[in-house]
Structure formats: structure tokens, C-alpha cells
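One chain, chain A, appears in both complexes that follow, with chain B as partner in the first and chain C in the second.
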Partner chain A sequence: MRLGYYARLFGVQARASLTTAMQYRADFLVQGLTSLYWLGWNLVPLLVLYDDRTTVAGWSFGAALVVMAHFVIVRGILEGAINPSLGAVVEQIRSGAFDYTLLRPADAQFLVSTARFAPWRVLDVLGGVGLLIYAFVRLGQAPSPAQLGAGLVLLGAGLAVMYGLWIMIVATAFWVVRMDNLIYLLSSVFDAARWPASVFRGVWKVVFTFVIPLALMTTFPARALLGTVTWQAGIGCLVGALLVSVAARLVWRLALRSYTSASS
Partner chain B sequence: MMRAARALPTLIRVGMVEAIAYRAEMVVWLLTTTMPLVMLGLWTSVADEAPFRAWATRDFVAYYLVALVVRNLTSNWVAWQISEEVRTGAVSGRLLRPVHPFLGYLGTHLGAVPLRAIAVAPVIAIMMATSARGVLVTDAAHLALVAAAIVGAWLLTFGVFLCLGSLGFFLDKAMGIIEVYFGVFAIMSGYLIPLALLPGWVRAIAQVLPFRSMLGDPVAIAIGRVPDAGDAARLVALQWAWAIGLLALATWLWRTGVRRYEAFGG
Partner chain C sequence: MTIEVAGLSKHFKVHRRPPGLAAAVRSLWRRRYDTVKAVDDVTFTIARGERVGFLGPNGAGKTTTMKVLSGLLHPTAGTVRVEGHQPFRREPDFLRRITLVMGQKQQLLWDLPPSETYALNRAVFGVDPAQARQTIAELTELLGLAGLTDKPTRQLSLGERMKCELAAALLHRPTTLFLDEPTIGLDVAMQVTIRDFIRDYNQRHDATVLLTSHYMDDVVALCPRVIVIDGGRLIHDGDLRALVKTMIPDKLVSFTGGVPAEEVARLGEVVKAEGGRTTVRVPEARLREVVSHVLDRAGADLAVEDPPLEDVMRKLFKDKRAGAPAPAGEPAP
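On to the complex of A and B.
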């Protein structure tokens, strides 16, 4: 059974990463402190802004905090599960070690995407969840089970979009070898996802909607939890996520064909 | 000293050629400084609704565009360069040269400045086409101080990054330090938010740290937030004092670090 095979393979790869991480247990503490620090750092602009205003583009402090919490969670997953692996594959393509990945009897995209995890990033995700709970306590409301479900589904869709974009960037490394810079570029643009998407206007709105759909990654999942997202918009998010995922797979397959390996 | 003076022009030329050879990479790096643009998008939306304290839209446009220019002109990657060279041992080759290794780094990164200047020219052009133009200082005294502040910011940033890179001799994971440094810098330099808008206690901490001289103060002078030329001159003097102090600290860290490196590396 292929699915069972891949599930087992995922388990093995994750365990290998965990074993490696366990060798550096002091990192756990350092990572924990750094996570806390960044969490506080993230909040400063928000605090400055809402010190003077009660709403910004229709977003109250509590609601904006929900978006920020989603950003912290999504970034934790990005840094913990997506960036380490995909950063490694760019290096492999450059050095030619990618040949060994291709030789293995499993899907190459699956192998490179699960090659390396940074388990301590779980702390970032936990910090984000804590912030989320605080935000809802502040708002004095709790999401209904339906809203919670919708929020989780849209968060999944947002992560799929993000993963798809990152895979496409990595795929360009097959053509233009020095493309790891682009990952940094994408990460730095992703920073804008800490703000509700409707805050941005003009050029920013265009870039954050069509070039890098940041709203799908944090704003829509947050709005689902807050219960302010319509069915149509929710379905639109899922369709968008599906499209990006299919496109990413196609780009990856296309790129793989032009991989020339180390020797040729 | 004479040898150093003779070597520097050549080292700068080599740096320029290197910068041109890796121009595409450099442009992508410069593009990764999107933070001021994101903050610009945010604050202009906010200020369009109503001015934020004494800051109107054009003030924010001027602030963040000048910040983008200063940051891209004065930044360098010497910390990453040193920690990588220490890790791989490539630094040994530098130690064999007859001039101080800092001079080699200075050449590389000064050589990149012309390319950086070309890269920020469009930002300046855009700024001149917007309402932000009216915010910028125009009198000779302030313009001279802005120039001095940008040179000072370059030296100060170079000194800070030399210090961070030299820590690579002592720590296994200097990269982690750089990440923490950036977190502190972003808030305390005014990179993220103009220092004037920060809460009082954060501003009090920022006052006594060097980061404000790296970005916030030069920008504040350029956009007319320091109307008195005497005050502005004092800020520049403070900045240069920080630059000299940190360059001295970097030299000491490097010397101590090299001794340790030789003790271990044999």
C-alpha cells in the first residue's frame, strides 16, 4: 500500500530529525528563549499602533492579535518543517548530491520535503497557540466548533499554498543554481502576513494578493476563527490552495526533467 | 601603516570587481530588505485614515524610503563572511597576508558601495516624485550632516558586524547571535518603527545603545526631525564615537580570537 509506505517513510524521516535534534538539547532552551523573544518583538508594532487607535482598517486589537497568532504558528511550521528541508535540497542540487535522492525508490518531492525538520520550532507553534488563546480571552468570545473546524481547514489550505510556493522556488534551482536567495526573499515578504491583509492598499495589495497570496496564509484562517468569513470566500481559499498545489507539482516535474545531475 | 595605505586602493578595486561579478546575487539580497516597504504600506494606510500623532502619510513615506536607502547603502555581510571563514578555516589564508585582515574585509565591502548606490538610486528617484520630497532637508548644513551621518553609519555598521563575525572565534554558532542581534537592531535602531513613536521606556533603552546611530538618527536628520543643526551635529558626533569605539572593540576581539584560533588549530 503506497499510502502506508509513505506514512512509514515520513515516520522514519521525522524520527531521524528528532534524533539529530536530541543531540543538541541545549538548543531547546536557546530556541525556547529566542521564540519567546521574537513573540514579544512581533507584538511591539501592534502595541504602538493600537496605543493610538481602536481600529485599523476595521480590525480591532484583539482581531489583529488573532492574525498575529496565526502568523507566529505558520512561521513556526515554515521554519520547522519547510525551510530546513528545502534549504538542504538547494544545496544538494548545487553539489550534485541530489543524484542519490533521485536513485531512491520513493517520490523525490516527498523525500526532499521530509528530509529535515527542526523539532524545536514546536515551541514557536505553542507560543502562537498561547497568543491565540490570549487574543480570544481579550475579545471575550470563543470560536464555535464550526468556526474552529473552518479555521483549521483554512489553516491547512494556507500551509498548502505556502508549501506550494516554496516548492516552486526550489524547482527554479534546477535551472538557476543560486536561488536560495529567493527563499530568503520570500521569507522576508512573508513577514507582511503578520498584518491583516485588508490593512494594505495599492501596490502592496496587488503584490500580497496575486504575487504572494499572504491573505490565504494567515488572514483567512484568522477570519474563519473570528466567524467573519463567508462560505464563498472559504471555498475560494480551498480552490486557490488546490490550484497552487497542482501548479507546484507540475513545476516540480518539469524542473526535474531538466536536472542534469553532477556528472553530465 | 604605509603598506596598508598602499594596499587599500587595490583591495577596494578587487572588491568592486567581486561585487560586479556577483551582481545578480547582490540585487536579490538588496531586495530582501522588504521590511521598510511592508511597514511603509502599513503606516501609510494608517496615516491616510488620520495622521498618527504628528506623523502624516508623507512623513512615513519619507522615513521608510530614506531608511531603505540608508540601510542598503550602509549594510554589509562581513559577519557572515568571517564566521564562515572561521568555520571552514579559510581565515588562515587571510592571516598570512602582510596587512591586517580587516583591511581585506574593508576593501571587499567598500568596493560594494558603488553598486549599492546604483541599486538605491531608483528608490531616491521614486521618493523625489512623491509628496515625501517636501519633508527632506534642503539646507547646506543639514545636507552635509546627512552625508557625514551616512558615512558614520557605514563605519558603525561595519564595526558592529566585525564584532559579531569575530565572535565566531569563540562560539560554535555565531549565526544564532546574528539572529538575536537583528531582533534587537530592528526595534532599537528605528528600522521597524520610527524611534519617536516607540513607547517611552523602549526609547529610553534605545537612547543608550548604538543601534539608533546606525539608522534612526541619520534618517531623522534627513527628514527634518532634528531641525537644529547643532543637535544634529551632536548626533553625528555621538555616532562617530560609537563607530570608533566598536571598531576598536572589533580589533581587540579579533586579536584575542586569533590567538585562541591558533592555539586550537596549531
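On to the complex of A and C.
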């Protein structure tokens, strides 16, 4: 019953986002072209890097391309499904329009997380999938069904981690009101997820594994597809995703209590 | 009782900063906080189906009280019950019974027609499709929404948008309405439409209404009872007419021509004289005498009115600040 209720709610919100996107046809077109442009541009550093070497930190060009494809997919989901709504919440909290979210008898975190989608980002995700297929063709191998399954599960875990981090950032907006810069910062840091995690050394390795677990978002799902992930690491990813999700929920609920609402 | 408020206080910590760039830089790492008592020990109850005006100057604590009552803010102290619930728990059953309309904020999706917001609210509040259709038909008729709900919100005029906002807020047929400045910025005709609609909704659904408005006409037309707060404290709760009578026990008598100038001065204090129409302020005890005198001279063109509520409020706040005793609040009907 509750599941059906939230499924319906999701449907209505998604339809509203789609309708909004359709209303601005020119924008739709421009966004599509931008997606293609970025897809191409993303490859440039990789091509430069592998121009005169065959492996970087043990990663061949094809394998690094698998990580890159994951980066494109995850970023497409981030820009298409997470950033639009959560960015809007920060603005709503500042203006006080968030009041109306709290007046609705549904979970506020669900409402804000599904409030806005950018449908054309589907193109990014499709581009990423295309890149993934190309990478495997180049490698001359194909993931087994088990590897495919593990890859999808770890991709899900990676997305959960990213969503959790973003929720925690947004939650801080309840206390400090202006949060835009932290969102930019996190978006910039996320850019590092285009590289296999083992490329990073020293302090960055620690930061990207434990503080902002970029490795969980792209490298581990990619390694699962390539069949190079141990099952211990896989379980570690799932536990990490669970911990981040629970922490995000707790922080969100705590933050909601200190919502002060802007004046009329 | 639909609304029970006992000893309600809501305090905010606000960051204080002297003007100037130097102070702004200093405030980056050292901040001084002051406690503002937005609402301070307020107690009242409202029965099912009552229409109550909630009055007070800007910053008196009206909106804060409304937000506590609708569950948006945690009270600092005191107890609040609305529709049998503690609002800040935000239980779905509570939220389905109330609504809060804020004239200065909007819930309609800006780029989409209001009908999309209705679809969203229908899903969120779990309103049965048949009932939703019926409610929308009813609201469309009462508010004159025909042709508006399919235009993108951004293309609607302020008045049209407000009507659509009201419909969005009432789609789930709440039985307690918190209306915070629902007529702000609207022209007189639109104000009257909204006012009539609120009264009609109140009677049809036996809904409880708590209303704030800067337009005293709204309050006079809609609310037999008023609660007045100033500086976060309750200073009057009772019958509106009784309040007016206690504060300014005079009537305004206006008429055109007929009465010689020297006689006008003897009738009472002249408040206004323009376009051939004279208005004098008359103590209630002398009303009968003055009216019959004017009727003798000026004929039938005569009107007797209560003093404007604005004057009453101004006097009430002035007296309060000067420390005069409060007028005896009459129990609510």
C-alpha cells in the first residue's frame, strides 16, 4: 500500500518534470547537444594519457575506458536525477517555499528527492552505456552474467553513496542556509571519479576511499564488470553504501528539526 | 475544540551585526546571537467551525503562530493541539486535515499549469479521483477558475494565481484553514471574491478558519471574533464588535448637504468633509439625537458606520504600549 502510494507519487512528479522539459523545446535540443559534447570531451584526457603508454597504474586503455564509461553514467544520473531536485531544495529552504513540502503528508526526503528531473540527461547515460560497450569490444572480452549482475549491484551501491552524500550536504542548508558552494565543491571533487581509484596515491587515496568514496561510485562497479573485484571488496562496498544511507537519513531528520522557515 | 493553544512560546536565535564592512568581516568568525521572543506565552482555543481574525502589527508573531499551528515549527514551550494532533509531529492524518495558505509564497509549479499541481496534490494527499473531480468542479465554480487551470502558472495574473493557490490548498478538503494574508496585493473585487469563497467554504464544510490580513475589511466581513497579538503577546481575544465598542465608543455619521456649517460643528467632531459629503464622529449616547437632527435637515442621504478597524487597532496598540489596562475580552461565541 505505502509502496504503491510512493510509486504513484514518483510517477506524478516524473511526469511534471517531463512536461516542464517539453515546454522548452530549444532548451531540450541545446541540452542534448551539450551532453554529446561532454561525452566527447571526457575522452580527451584519457586519449592524451594513453598516447605513449599502454598501462597506467596497471590499467590498460580499455579497462580505464570502462571506468570512464561508469563515470559518464553516474554523472548523467547525478545531473539528471539528483542535482536538479536537491539544488532546488536549497533554494526553497532559503526562500521559505520548503514550507509547502512539509505541509504534505508524505516523506519530505522522498518529495524533495523526486521533485525535479532533467530528462535529457538520459542521453548522457545512453552515451555512457555506448562507451561501455565500445570499451569491451576493444578489450575483446565480454562480462559474464555473474559479472554483469555484480556490476549492476555495485553500481547501485555507488549511486546510493552519492545520493547519501548529497542529502547530507543539502541537510546542512537547514543550519547554514546558503549551501551552493559546497555543492559546487562536491561536484568538482566528483570529477576525480573519472580515473580508476588506484591512480591516486597517498592522502588522496585515503580521501577518495573513505571521506568521499569516489572509488565506490565508479572504480568498483567497473572492476566488477571486468571481473577483477574480490568478493570481500564487494561486500565492503555494500556495507559502505548501507552506512552512508543510514547516516544520510539520520542527518536529514536531525536537520529537519532545526528548520526555521523563512519569514512570509 | 479544534485548536487548543496553551502557554505557547516560540523563540528564535538571531545573528546580530552592526552595519558596515568591518563588522561583516568580523562576523565571519565571531557572531553575537540574540534571542527574539516571536511568540510569548500565548493561550487561546478555537471551536470547530469558527472564523477567527488574527490581528497584530508587522512582526507581532502572527505568522510564527500559524507556522507552529500547522506543524512547520517546533514550539519552544507550551502545548498545541490542532484537530486532536500535536502539529510538529506532522502525522499524515493531521496534515490531511489542515491547510496553510501563505499569500506571499506559492506552491503552484511555476512552469506548469495549476492542473499539474492539483494532480500532484491529489496523489500526495491520496484523494480519491472521483472526489478530486468533484472538489475541483466545486472550486472551479465558486472561484471562477474556468479556463485558468490549463495555462502555465507564470502566465496568470496575481489574482488568478491566488485563486488557483486556494484551490490547490483546498483540494484535499481540509477542515482547518490557516490563511496568512490570502488577499495581499489583490484588487477590491478579487478580495471580495476570495472573502465570499472563504465564508462559503467555512459554512459548507463546517471548517475552522484562522485568518490574518492587512485589509481590515477582510476581518470585519469574515470574522465575528478576533485575537490580537503584539510583540508576541496576546492582548485581546473576543468579539470584534465588542472590541470596537470598548476601544472607540463612537459612530461615524455621514451625510450630504442640507446642514448649515455652524450646526455641523455642534453635531460632533468633523472627521472628513469632501465632495459635499461630511462625516462627523458622534458618541453613541448622542447618536439618536444627531441622526434625527440630520434627517430633519438633510433628508434621507445619511449613513451611520462603525469607526474603521484600523483606528481601533491603532488605539489598542497605543494604549497597550502606554500601559493602559486591556479592554475586557468577551468570551468567544
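Following the convention adopted for this analysis, the second predicted complex is superposed on the first by the 262 of 264 C-alpha atoms of A that agree within 3 Å, B and C clash if a C-alpha of one lies under 4 Å from a C-alpha of the other, contacts with A are read in each partner's own complex, and residues count from 1 in each chain.
The criterion applied here is as follows: a contact is a pair of C-beta atoms (placed from the backbone, for glycine too) under 8 Å apart; a residue touches a chain by one contact, two chains touch by 3 or more.
Just so we're clear, the structure is a prediction, and the values are computed from it rather than from any experiment.
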Of the two partner chains, chain B (first) and chain C (second), which one does A:T54 touch, if any: first, second, both, or neither?
neither
Could you look at A:Y37 and tell me whether it touches chain B, chain C, both or neither (first, second, both, neither)?
first
Of the two partner chains, chain B (first) and chain C (second), which one does A:L102 touch, if any: first, second, both, or neither?
second
Considering only the touch criterion stated at the top, classify A:Q23 as touching first (chain B), second (chain C), both, or neither.
second
Quick one: is A:T230 in contact with chain B, with chain C, with both, or with neither? Answer first, second, both or neither.
neither
Do chain B and chain C touch any of the same residues on chain A, and if so, which?
none
In their complex, what parts of chain B are in touch with chain A?
24-25, 28-29, 31-35, 37-39, 41-42, 44-46, 48-49, 52-53, 176, 179-180, 183, 186-187, 192-193, 197-199, 202
Report the residues of chain A in contact with chain B in the complex, numbered from low to high.
30, 34, 37-38, 41, 44-45, 47-49, 51-53, 56-57, 178, 181-182, 184-185, 188-189, 191-192, 195, 199-204
Chain C partner contacts - residues on chain A that touch it in the complex:
5, 8-9, 11-13, 15-16, 19-20, 23, 95-97, 99-100, 102-106, 111, 257, 259-261, 263-264
Chain C residues touching chain A - in the complex, by the definition given at the top
12, 63, 67, 70-74, 90-93, 95-96, 98-100, 102-107, 109, 111-112, 116, 119-121, 123-126, 152, 180-181
